[in-house]
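Look for subunit A in each of the two complexes below; its partner is subunit B in the first and subunit C in the second.
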Partner chain A sequence: MDLNTLIQMLDATVRLATPLLLACLAGLYSERAGIFDIGLEGKMLAAAFVAAAIASVTGQVYLGLLAGIGASLLLSAIHGVASITFRGNQLISGVAINFLAAGLSVVIAQSWFRQGGRTPQLSGEGRFRSITLPFAESLSGVPVLGPIYAELISGHSILVYVAFLTVPLTWWLLFRTRFGLRLRAVGENPAAVDTAGVSVIGLRFAAVGICGILCGLAGAYLATGLQTSFTKDMTSGRGYIALAALIFAKWRPWHALYACLLFGFLQVIPLRPDLITNTLGLRLNGQLLEALPYILTVVILAGFVGKAIPPRAGGTPYVKER
Partner chain B sequence: MTLSTKFLGATAVLALTAGAASADPAVLFDLGGKFDKSFNESAYNGAERWAEEAGTSYADVEIQSDAQREQAIRRFAESGANPIVMAGFSWATALNDVAQDYPDTKFQIIDGVVEQPNVRSVLFAEEQGSYLVGVAAAMASESDTVGFIGGMDIPLIRNFACGYAQGVLSVNPDATVVANMTGTTPAAWNDPVKGSELTLAQIDQGADVVYAAAGGTGVGVLQTAADEDILSIGVDSNQNYMHPGEVLTSMLKRVDNAVYDALTAGTDLETGIHVMDLSNDGVGYALDENNAELITEDMQAALEDAKQQIIDGEVTVVNYNTEETCPALDF
Partner chain C sequence: MDAMPKWAEVTLVPLISLLLAAILSALVILAIGENPWAAVKLMVSGALGSTYGWGYTLYYATNFIFTGLAVSIAFQARMFNIGGEGQALVGGLGVALVLLYLPFPHWTIALIASAAGAALFGAAWAFIPAILQAKRGSHIVITTIMFNFIAASLLNYMLVGPIKAPGQEPATSKFPATTQLPSFQDMFSTADTVLFRGAPANVTFFVGIAACFALWLLIWRTRLGYELRAFGHSESAAKYAGISPTKIIVVSMLISGGLAGMMAINNVQGEAERLVLNAVEGAGFIGIAVALMGRSHPVGVFIAALLFGFLYQGGAELALWTSIPRELIVVIQALVILFTGALDNMVRMPLEKVFLSMRRPPKPDRKSTTARAAE
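So, the complex of A and B:
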């Protein structure tokens, strides 16, 4: 395997890891505040649909992005009202959101665009284009570092850079600010936060809101960055893989980045069966290659992570003592 | 509940059963949905054409999961629909059970074989149509490397790949055919993101023409091919219009004709196995104003030549479904 092939594979890894990373960080905020969220998948799907629909109607991808975030926030609000205000079961609310998004997106798309639950193809200003970073052209001649900069780091859509910058931002917000301390506390011991005179409900809604924004970015990236239209069930389980990555990362931002890159890379391996044949010298069965990411996920989660302890108050609605 | 609402309800139920008891034919679509721009949409177009010409209507359903198959067929059979046409090999198991319970109803399955006296099984010679687009791909390729992206890894799709590879090698024996399958579950028909990534991976390996036989996943393949300025080949329906000037051609599988013929025959539907191939225009390649500049005169002559040779039996295209091995491609 030469350097160029490796760079191409890592390039694909970055593209495939981005939606995982955004969804994983979304889950991180929510779960750190004590609200389990298995509705990441549904929120991404709704955002993907609305972003593609609005972008195709207006021709402006940024309007689509805003609308997608709005749709995701709406579902977040439903999750928040159900599980924070009315103290419902967070898992059931999350599952309901997944079903709602999977069904509604296709039905609305069909009655709106009449293209079988698909949105029209975007072009021009209607889609995120890849950005060429400064000096990428002139530096590409430099050995080793040149191609890495020009191919791997440059040439992604803006949402990829947003996703990677969200990692240090999340770390700073959670571990270096007062808001972050309170947010983590509300997931560990909400009674203590309440005693200190800080609103548990308010903090949890804030966390669920941030989760909605990040899921909106992830969905919009799928439909208007990676693809140019919404198709039925286009998230294809990425929300659940993000949850697995979140547990793998033990609810820590930098580890979430590494976990998502690993899961992204595992998805890239089956794309290049020829390389595996060349490197290992034997031909692996196609089905085995397809299963490889999932087998490795189970092995990693069961064998290498050690004990992953979720935030202590996760999953339990907060009831003020009387 | 008041008495009047009870009566209303009873009337509504009566009206519903009365509507369902008429002998309208029924069309059952597969998981991709009837607007998949591909296989199911072709079936839908055939049914619509029949409905328009005959001036009547037909019942249809798009199932959402495999578990609904038997229930869907049984409900239409129970309501008196005849004939019942279903698109997709996945219906075979359920149909085999249901067909025995309704001996007076005629069924048609497309892409699958069900050996019951009241079932017509329509098979397409996909390997022949794919052979032709393979010839076109090999002639259009400048890098001598062409790609194939399949949906779910099943013998049916391998048959597409195998026919394509045979066509490519017939023109250029030194060409490389890179073949990938999207997945091993039905989700592989609806993953355009993975379709895009597979296309990019094949471009890295030198492919400059990519043939997608992958349902909704193909949308991503065609898009990425257009973005990266290489040629793509569509499948089932004519997909040339999706990216005018960048889709080399489409392998046509005239599912619409199969559905149209079945609905036209009505209850007189002839049962047994029926193969649609090049000789009866069941498969072919698409030529329209969108790809007129891409298909050169040489190419068109070669395509017609190959077509005639296959019809005359001078060239035999190996069928993966019956041979279970491919001479041109190693899976």
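So, the complex of A and C:
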């Protein structure tokens, strides 16, 4: 494997890791506040559909992005009402949201565009273009570092940079601000937060809201950045992989970045089976490569790579008075 | 003290949830420019208007009985088995291997063997997530979801490789004729009138009813069922009473996976008579809605499975005659899960208030009032 192929694969890794990273950070806010969210998948899917639909109708990708975030926030609100206000089962609520998005997106897409549950192809202003960072062209001649800068770091769409910048931002917000301290506290011991006079319900809704925004970005990137239209079930389990990455990262932002890059890389491998054959000298079966991220997730969950301890109050609704 | 009488708990709460889901679904149909009332009429006539329609409705219901029971038994032990889809897929593999490679003189023997194969494969697929939950504390919801994806890859591999029949299609060859299960058409038609013509409902429906009864016996009439429910109510109390959490988690998940796997005798042996790609078609997930609506009770599961069988066949008719796509059933399924599962309290709280206000105040009792005054 030469440098160019390696850069190509890492470049693809960055692209495929972006939706995972956004969804993973979304789950991080929610779960740190004590709300389990297996509805990441559904929120991404809803955002992907609405973003692609609005972008294709208006021709403006940013309108699509806003609408996608709106759709994702709406599902977040349902999750919040069900699991915070009515103290329902958070896992079941998440499952319901996933099916709601899977069903509604196709039903509406079919009645709107009549293309078998997909949206028209986006072009021009309708999708996110890649951004060339300054000096990328002129520096590409520099050995080793030049191609890395020009191919790997430059030339992604704006949402990729947003996703990677969200990592330090999340770290700062969670570990260096008052809001972050309270958010983490509400996931560990909500009664203590309540005693201090801070609203548990308010904090949890804020966390679920942030989760909705980030899932919206992830979904919009899928349909308008990575691909050029919405297709049925296009998230294909990314929401669940993001959850697995979150557990792997033990609910920490920087580790979430590494976990998502790893899972992104695992998604790239099946696209280049020839490379595996050449470098490792063995022929791996296509279906095995397909299943690899899921198998690895189970291995990680089994705790062979250190024990993952979730936020203590995760999954339990807060009751103010007994 | 219960705020609500038992009959209201088991009938009113699911019915109101269903009504809310129906109203929202009607709004969705309106929003895409179709007439909800006409849609309902079409669904009823398509699913229940003929023995042919009933044959499909009961066929789908049979699938959902098995997956619904699978989710229910896990719910009783407070396990959430989302992996019914994968377990049913692998159960289909078990059925195919048994029927393709073993000779059977008669369908009755074939049915027993294929049911055993399906249950064994389904249970095996549930075993790894169960043992990981019990021993390593890995969250069963996530691991069972992952096993759904892995099952899909495994079936892809098997159907394009080792057990593929010659030809273009990724499927096995047809099972031998002696293993074909009698359909409702074979069982109920007389010489003059043909009933259930061409519909896939088959003898497995009665296996499903038997499974409902067996599960009821298991949950409410055996020691294991008692331990299972005790564990579901309070893990710490069950532990204190000497019930092993590992045993309950693994056993409940094995039964759950086995039941989900047994769905395959209906769709693989009964209907397709060979194993094809994506044979389960989401029935494993519908089991979640069925179990929630049926309040995890075999009788409730049976009724909810019939209802979803009707919705599924009705939805297929809608997709055939109108521009409403089949995915509408996924929306209805999602709404049922949302209202009966997650928003349960939203329906329950106002109802409890109504019942509390209807309750007569207890008669004033001289002794107790004086006793309270003396305190």
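The working rule: the second predicted complex is superposed on the first by the 317 of 322 C-alpha atoms of A that agree within 3 Å, B and C clash if a C-alpha of one lies under 4 Å from a C-alpha of the other, contacts with A are read in each partner's own complex, and residues count from 1 in each chain.
Note that in this section a residue touches a chain if its C-beta (ideal position, glycine included) is under 8 Å from a C-beta of that chain, and two chains touch if they have at least 3 such contacts.
These figures come from a predicted structure and were not determined experimentally.
Colleague: After lining up the shared chain so the two structures overlap, which partner does A:Ala26 touch, if you call subunit B first and subunit C second: first, second, both or neither?
Modeller: A:Ala26 sits against neither subunit B nor subunit C.
Colleague: After the superposition on A, what does A:Leu262 contact: first (subunit B), second (subunit C), both or neither?
Modeller: Neither partner.
Colleague: For A:Ala67, using the defined touch cut-off, is the partner it touches subunit B, subunit C, both, or neither? Pick first, second, both or neither.
Modeller: neither
Colleague: Let me test your reading of the model: by the given contact rule, A:Thr231 touches which partner, first (subunit B), second (subunit C), both or neither?
Modeller: Only subunit B; A:Thr231 stays clear of subunit C.
Colleague: Looking at the overlay, does A:Gly117 come into contact with subunit B only (first), subunit C only (second), both, or neither?
Modeller: So A:Gly117 meets both subunit B and subunit C here.
Colleague: Could you look at A:Ser83 and tell me whether it touches subunit B, subunit C, both or neither (first, second, both, neither)?
Modeller: It touches subunit C, and subunit B stays clear.
Colleague: Touch test for A:Leu100: subunit B only (first), subunit C only (second), both, or neither?
Modeller: A:Leu100 contacts subunit C only, not subunit B.
Colleague: Under the stated touch criterion, which partner chain does A:Leu16 make contact with: subunit B (first), subunit C (second), both, or neither?
Modeller: first
Colleague: Looking at subunit A, does subunit B or subunit C touch a larger number of its residues?
Modeller: The partner that reaches more residues of subunit A in the superposed model: C.
Colleague: So subunit A touches subunit B in one structure and subunit C in the other; where do those two contact lists coincide?
Modeller: On subunit A, the overlap between the subunit B and subunit C contacts is residues 110, 117, 237, 287, 290-291.
Colleague: Could you please specify the touching residues of subunit C with respect to subunit A in the complex?
Modeller: The touching residues are 28, 31-33, 80, 82, 128-129, 132, 136-139, 141-143, 145-147, 149-150, 153-154, 156-157, 160, 285, 288, 292, 323-325, 327-335, 337-338, 341-346, 349.
Colleague: Going by the contact rule at the top, pick out the subunit A residues touching subunit B in the complex.
Modeller: 5, 8, 12, 15-16, 110, 115-118, 121, 222, 226-229, 231-234, 236-237, 267-268, 271-274, 286-287, 290-291
Colleague: Which residues of subunit B touch subunit A in their complex?
Modeller: Those residues of subunit B that touch subunit A are 33-37, 41, 153, 178, 180-181, 183-184, 187, 190-194, 196-198, 200-201, 204-205, 216, 219-220, 223, 242, 331.
Colleague: What does subunit A use to touch subunit C in their complex?
Modeller: Residue positions touching the partner: 38, 78, 81-83, 86-93, 95-100, 102-104, 106-108, 110-111, 117, 237, 240, 243-244, 247, 285, 287-288, 290-291, 294-295, 297-298, 301-303.
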